[in-house]
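Quick one: the structure is below, and I'll ask about it shortly.
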Amino acid sequence: MSDDVRVAVAAESDVLAARQEGRRLAAAAGFSGSDLTIIATAISEVARNIVHYATRGEILLRVAHLDGRPGIVVVARDEGPGIPDLEQALQDGYSTGGGLGLGLPGARRLMDELEVVTELGRGTTVTMRKWTA
Amino acid sequence: MSDDVRVAVAAESDVLAARQEGRRLAAAAGFSGSDLTIIATAISEVARNIVHYATRGEILLRVAHLDGRPGIVVVARDEGPGIPDLEQALQDGYSTGGGLGLGLPGARRLMDELEVVTELGRGTTVTMRKWTA
Amino acid sequence: MTVPILKQGDHLIASVQSALSDAELTDFADELAERVGRFRSRGVVIDVSAVDLLDSFATRTLRTIALVSRLRGAEAVIVGIQPDVAFAMVQLGLSFEGVTTALDLEEGLAYLRRPKEGDLGVR
Amino acid sequence: MTVPILKQGDHLIASVQSALSDAELTDFADELAERVGRFRSRGVVIDVSAVDLLDSFATRTLRTIALVSRLRGAEAVIVGIQPDVAFAMVQLGLSFEGVTTALDLEEGLAYLRRPKEGDLGVR
């Protein structure tokens, strides 16, 4: 699939790269205006979490379709420590790192779907999707 | 039963249609004033969930009686993905779609009764009832 | 259907019609944010007196619109919530947390025109 | 890249560039606090009109900078939040709680120059 984009994330400059790539691919998928900023913001949150909590990982970006509607799939993957209490981590205001604790629940609000698969000592994969209107 | 009303729900405009039909039928059942708005609001929440989480489904509206008191029965039915954790879904603030997570618990407060039957991969049926005073 | 937005001096008045669709609500959000910039508005009144129902989606969207206006430098007030609508909202568990509400357009404008700290010594 | 900070009379004007890194934001915070002291500034305008995205980290940092300025004796206003950026911030759940926001540089300076209570006896 020519539309697949991978951004290695190990430093903050990679977070900036990931959101730029996300904006570009979202535009290619047919998103416009404030949706581009919304998608880039969600990517920024999960990419920052990789740097902050897992040191390194990657962001995969892909155009996809649901019932013929184009959209974007963002996968943020790392082999970091995993999330001990996922239910709490998905709630507003919960942070183990002194953040605002809005990253995961906020990204869920920005996108149409957000799922987290995590295993202690093994890593975390956040998958987010958003479809054009 | 001449009072049965079915509204196919596949788009947002159908949500508006369902709540209008609900208002109409509730008035026919003898509800008035703020009860009409309360019933239409509960219908709006479950109809929106169909569009948002199951893509398509239907709303069935029916006048019924309990101990001689007339009332309204609302059934929201879809063959969507089902609800993995129903107990959580019925709690305030839980949303997998970036909503406020008040739809199901809120509709339960607005109506006299609310039951959910759901099966993963098979769909969800929400049945709500409210009786005149 | 779109939301009519009127300019009145420093302020904008937006009258939300009943049964606005989600897409229309989102367009309205964009349009209002743009006009606040274009007209350098200091206040926005969002009139929902024609709205016969506010569910959780509509409430969240209107609240977003009000908070966006504030980030753009314009205070926002939501006015005209009908008694039935308010009653159902409260039962459902909804609120416009963090956003000022007022009875009607008149009260909303009066709120925006209230003397503020900066006006103290001047007149 | 650093954040240019201009002195204009009693006030400082800082123009945050797009895609500022976390380290640069932190440097900016230090630099601004230092200059507020050096120039005995009474007000600070933080212009984010060139910023195309404010995530939770950036929002927290800018809010901290504004609150630090105030503790150092200078009022702070954040100006120029673009409509798209404001919309995404609010959807995410972010706000500049407790910090004044204004449309643009001009409005921000007007806000800082408004007559205040302390000026009462002067005119």
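Letters A, B, C and D mark the chains as written, and numbering starts fresh at 1 in each.
Heads up, the rule we're going with is that contacts are C-beta pairs under 8 Å (C-beta built on N, C-alpha and C of every residue); 3 or more make two chains touch, one makes a residue touch a chain.
Bear in mind that the values here come from a model prediction, so they are computed numbers and not experimental data.
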Between chain A and chain D, the fewest steps along chains that touch one another: 1
Taking each chain's C-alpha mean as its centre, the one farthest from chain C: A
Superposition of chain A upon chain B: rotation angle, C-alpha, nearest 5 degrees: 75
Gap in Å, rounded to a whole number, between the CA centres of chain C and chain A: 32
Chain centre separation (chain B, chain C; CA means) in Å: 28
Centre-to-centre distance between chain D and chain C (centres being mean Cα positions), rounded to whole Å: 26
Sequence positions of chain A contacting 2 or more other chains: 33-34, 109-110
Set of chain C residues in contact with two or more other chains: 23, 30
Pairwise touch network: line, ring, star, complete, or other: other
Chain pairs that touch, as defined at the top of this document: A-B, A-C, A-D, B-C, C-D
Complex contacts: residues of chain A adjacent to chain D: 12-13, 16, 19-20, 33-34, 36-38, 40-42, 44-45, 48, 92, 99-100, 102-103, 105-107, 109-110
Of chain C, residues touching chain B in the complex: 19, 21-23, 52-57, 59-60, 83-85, 87-89, 91-94
Touch list for chain C against partner chain D, complex: 29-30, 33-34, 36-37, 40, 64, 67-68, 70-74, 98, 117-122
Footprint of chain B on chain A - complex, ascending: 67, 108-114
Chain A - residues contacting chain C, complex: 33-34, 133
